[in-house]
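I'd like to ask you about the structure that follows.
Think of it as A, B, C and D in the order they're written, each chain with its own count starting at 1.
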Amino acid sequence: MVRVEFLGPIQKPSLELEIQNLNELAAVLQEDAELSEWLKNCAVAVNDTLVSSLEAPLKDGDKISLLPPVCGG
Amino acid sequence: MVRVEFLGPIQKPSLELEIQNLNELAAVLQEDAELSEWLKNCAVAVNDTLVSSLEAPLKDGDKISLLPPVCGG
Amino acid sequence: MLELYDGSLDVPKILKEWYEAEATSNYGAYIPFVGTVRSEDGIDGLSFDIYEPILNSWFDAWQEKAKAKGAIIKMAHSRGDVMLHESSYIAAVFSPKRRVALEFIDEFVEDFKASAPIWKYDLLDGKRVYAADRSTPIKGSGLLAKEN
Amino acid sequence: MLELYDGSLDVPKILKEWYEAEATSNYGAYIPFVGTVRSEDGIDGLSFDIYEPILNSWFDAWQEKAKAKGAIIKMAHSRGDVMLHESSYIAAVFSPKRRVALEFIDEFVEDFKASAPIWKYDLLDGKRVYAADRSTPIKGSGLLAKEN
């Protein structure tokens, strides 16, 4: 089981999913019409480290975060 | 009569000279052995405006300043 | 040092604390950057969400970069609402010499704008409206989107 | 605004005064640069001579440049002696947006170093020694030297 969190302006509760990698996460999230615009512009972190590939395996208890476009300052 | 002031670290009293232009000033100051090293690195202002040519005529009462290398801050 | 505050920053106090904290560290240059909420487009203010775990690791990586040049960075940011003409952001570089500090503050502030996990909202008629048009996707975004 | 002080600068006080003076001017960015005397080469401090008439006109020309970009500049500098770890120089830019301020503070400080009619001395064993090796001839210098 992994936990998926939507940060900042994506007003969506967390999900708990049984998935093995980020490819599977992409497939699940792409079915949510509300999310499709966000997905184009979101960065992804696994356990608070940004990732640049979908291939890394996930393990039980991992936390995945979706980070929409930022604007600090 | 013009007045020539030596600024900052050039420890030299002001001069009052009867000269018509900066070429004449150059000739006078070049005879002062103590000044020759300073002259290579000094900027020149006439009435507090920096000048880039020796040709501009001087008039009675003008103030000429010699500015050695600077280091503010 | 990274400091997060609820609401606006007390800029004079923070600038003073940082200056005094490094008073005998032998840095020749101290350059703070202060960001203040401007009145524009009829907003009453701004509001901020921060994701701290990634902000901390992003900041730590910059602190290491600074250290490699003999410099240090400090940063303060607001959480929640900050009204017009109040300040929400201070970043500062201390370094022995001026060139490092002048270059570092520029690079740091630009990367902050592009990468720090902070989300900005306009406060408009009592509502919190995501500032989508001024926001920047973090490098590598779009990983989960459908390819097409 | 150009402020000259006898001896070292009260940095927190000046940064606060400037910040508060522009509190409602709607500038989004405030970037001060603070220069502090470093302990090196066994000096006890630094000392400064300033030629005010030309400093004022140099500063006024920069203020005009800033104004053309919607920004303003403030500067404070010490006259006379400033001891180790005390500060002798503050320059600050206020502008609506950050890029102008980040670029302006860099250009301003560099031109200040190259052009402002201020002379620096090391305080060494009670003597005032001109810092010739760190000083820069003003552009156009050498006009009166013998051609050879």
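One rule holds for everything that comes next: a contact is a pair of C-beta atoms (placed from the backbone, for glycine too) under 8 Å apart; a residue touches a chain by one contact, two chains touch by 3 or more.
The structure displayed is predicted, hence computed values, not measured ones.
Asker: Return the chains shared as contacts by subunit A and subunit D, ordered by label.
Answerer: Both-contact set = C.
Asker: So what's the Cα centroid distance for subunit A and subunit B, whole Å?
Answerer: 71
Asker: Distance-wise, how many Å sit between the C-alpha centres of subunit B and subunit C, to the nearest whole number?
Answerer: Comparing mean C-alpha positions, subunit C is 49 Å from subunit B.
Asker: Between subunit A and subunit C, what is the gap in Å from one C-alpha centre to the other?
Answerer: 25
Asker: Send over the residues of subunit A in touch with two or more other chains.
Answerer: Those would be 73.
Asker: Among the residues of subunit C, which ones contact at least 2 other chains?
Answerer: Correct list: 35, 98, 109, 113.
Asker: So, with touch as defined above, which chain pairs make the list?
Answerer: Touching chain pairs, listed by label, come out as A-C, B-D, C-D.
Asker: Can you tell me which positions in subunit B touch subunit D when the two form their complex?
Answerer: Subunit B reaches subunit D through residues 7-9, 22, 25-26, 29-30, 36, 39-45, 48-54, 65-73.
Asker: Which residues of subunit C touch subunit A in their complex?
Answerer: 35, 48-51, 53-54, 57, 77, 88-89, 109, 112-121, 130-132, 134-146
Asker: Touching subunit D in the complex: which residues of subunit C?
Answerer: Against subunit D, the touching part of subunit C is residues 11-12, 15-16, 19-20, 23-24, 26-39, 85, 96, 98, 101-102, 105-106, 109, 113.
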